[in-house]
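The structure's right below; bear with me while I get my questions together.
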Amino acid sequence: MPQDLEDKLAGLEALLFVHGEPMSFKKIGEALEVKVGEVKELLRELASSLEAKNRGLTLLQDGDKVQFVTKSKFNSVLANFVKNELSEDLTPASLETLAIIAYFGPISRNRIEYQRGVNCSIILRSLMLRGLIERFTDPEHPQSYLYRPTFEFWKHLGLTKPEDMPEHARFREVLTQFETQT
Amino acid sequence: MSYELQMEKYSGPLEKLLELIEERKLQISEISLAQVTDDFLRYLAKLKKEGELQTGRVSERELARREGLRILADFVAVASRLILIKSKSLLPELNLTGEEEAEIHDLEYRLKLYQGLRPAMKIVAKLWRDRREEFSRPYFMSISAFAPLKSAPPEGPEGAPARARTLTGFALRGGDDARAALFFPGRNLQAEALAQSLDKLFSSFVALIRESQVLQEEVVSMEAKIREITEVLKRLSKISLRRISEDKSPTEVIVTFLAVLHLAREQLVLLEQESYLSDIIITPKED
Amino acid sequence: MPQDLEDKLAGLEALLFVHGEPMSFKKIGEALEVKVGEVKELLRELASSLEAKNRGLTLLQDGDKVQFVTKSKFNSVLANFVKNELSEDLTPASLETLAIIAYFGPISRNRIEYQRGVNCSIILRSLMLRGLIERFTDPEHPQSYLYRPTFEFWKHLGLTKPEDMPEHARFREVLTQFETQT
């Protein structure tokens, strides 16, 4: 466990960084093994160090919850960046993943990854952020998700369903062969 | 335990070979390799037997079966070189080609390299278990960090329906408060591009399937050769190894040798050698 | 746009925080509107300020990419809050392959197989599926691939750059010696 003040501040920073959502003082205290009173003190300390001009983050507090956010002066830089990033052409890897989902969706991440032979978590996240695919809970396996193209995706292609994709039947056949023979 | 795990606990033939040499406190050399050949072949036979047992049970696990087959093929490849070394020590007049001599040296060299690099593997294993993992944030996790401004689709189709899947956060397009789905297709998104991409991926499947078939064939043909020679030997009464090795290509000699050793292990034949480096006499065992 | 050094450092921090994943120097430069040379300088500056004892984050760098990660000493504080897909044990075969790629990557499948004495196609596939290694086209031989560790792998080991691998120089030396002998 973090021992002195500096160590605890560092631990707090790491904790808030990893935890995406607002985090309650209580939970922070549990993680760092300190009392809620000390958590508040640490947060005050952290907030004041974040005021330095070379820091890009700040604390957003709401009641007894707190989270890291970027300073508002960087909003336009960051918004531009996110927009440019999401508007880029699809990479070959993204196209491949999207193709699998378009042809064979709804499909689980496991099966997508098995076909591509690589981990796809980031690509799936990016395709979701771009509004090209969506995920929903697998009715048969409530623990896992299935991925399918969005309505906007089909609309953009001017198609309505996987069977409308070029050479759909042939690809299905190759897939069946692959999945039974490997 | 699944078949896959069964096979995976053997990290590979070099590891095993090194273990056998080190057990006897020997240096890596042609001589020590010849000395551990029998142990290695015995181990290979055991591996093969376990593999077969397991395959029978989980035949639906095609991938696992192939993995086992591959490992087996790797062991057989090393075994064939060991037999070459052993043959050379037993049949001194056996003329090895330059290529075969090179293969023997290559095995020695690889084993030394493997020995030199083995500590690196221990280091990675320790780091992996030490639980010093660093954590990062998911891709674009904090797009939702500020006031919930919704943006209109920058290049989406007209009148895209409102969806729950909206991107809150710093405004991607000014202070537009309209609730609308974000849609960033990119300029290259077309059905044809997707089909091409899939076609490329699927052609690699074909290669993968073919590769596994070739491998399977190789192992099968090796096994068939061994069986064939075993049959011949059973029909002969007494024969010298030198004689059955005559006029044979080195590969055939290796396979012959493998078959003889196999029979000896199964106690179907007796091997006799009058003195070190003299010819080996093979006698079928009486039932 | 960020103007002075401190401002740029703050912008860099905000950008890496928002992006989350490894980010290329080039992309950082585009977002902050500075040259790649300046990006490197800013990263050096940021890395040195992160060394302070009250900071919980550090920079993980490999090649021309960089990512914000938590310092490895806070692992025990954070492990409970982060779901972890990678924590399972590695088999001897996986360890062997990873060690070769970690110390000698980027490296071709041929060279990996030569060093291990075994066919590695399945093991490489499974390591890629787990996101521990990635492959890319060899710039010098467009027909073949090279393999290298991913940021996920470095993160799991708690390193901040490939050269942090213990005895990195010595093992590379061993290999070079062997390879020049033949």
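Think of it as A, B and C in the order they're written, each chain with its own count starting at 1.
Methods note: a contact is a pair of C-beta atoms (placed from the backbone, for glycine too) under 8 Å apart; a residue touches a chain by one contact, two chains touch by 3 or more.
In this text the structure is predicted, and so the values were computed from the model without any measurement.
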Centroid comparison with subunit B (C-alpha atoms), farthest chain: A
Nearest-to-centre chain - CA centroid comparison: C
Between subunit B and subunit A, distance of the C-alpha-averaged centres to the nearest whole Å: 35
Where subunit B and subunit C are represented by their mean Cα positions, the distance between them in whole Å: 26
Between subunit A and subunit C, centroid-to-centroid distance (C-alpha), Å: 20
Junction residues of subunit A, two or more chains touched: 14, 17-18, 68, 70, 78, 82, 122
Contacts with 2+ other chains: residues of subunit B: 63, 66, 135, 137-143, 145
Footprint of subunit C on subunit A - complex, ascending: 1-2, 5-7, 9-15, 17-19, 31-32, 49, 52-57, 68, 70-71, 74, 77-78, 80-82, 84, 113-114, 117-119, 121-122
Residues of subunit B that touch subunit C when the two form their complex: 5, 8-15, 63, 66-67, 70-71, 73-74, 78, 109-110, 112-114, 116-117, 119-121, 123-125, 127-143, 145, 211, 215
Complex interface listing, subunit C residues touching subunit B: 17-21, 58, 60, 67-73, 75-76, 78-79, 82, 84, 89-96, 98-100, 102-103, 114-119, 121-122, 151, 154-159, 165-167, 171, 174-175, 178, 181-182
In the complex with subunit A, residue positions of subunit B that touch it: 62-63, 66, 135, 137-143, 145-146, 153-157, 160-161, 165, 167, 169-173, 181-195, 197-202, 205-206, 208-209, 212
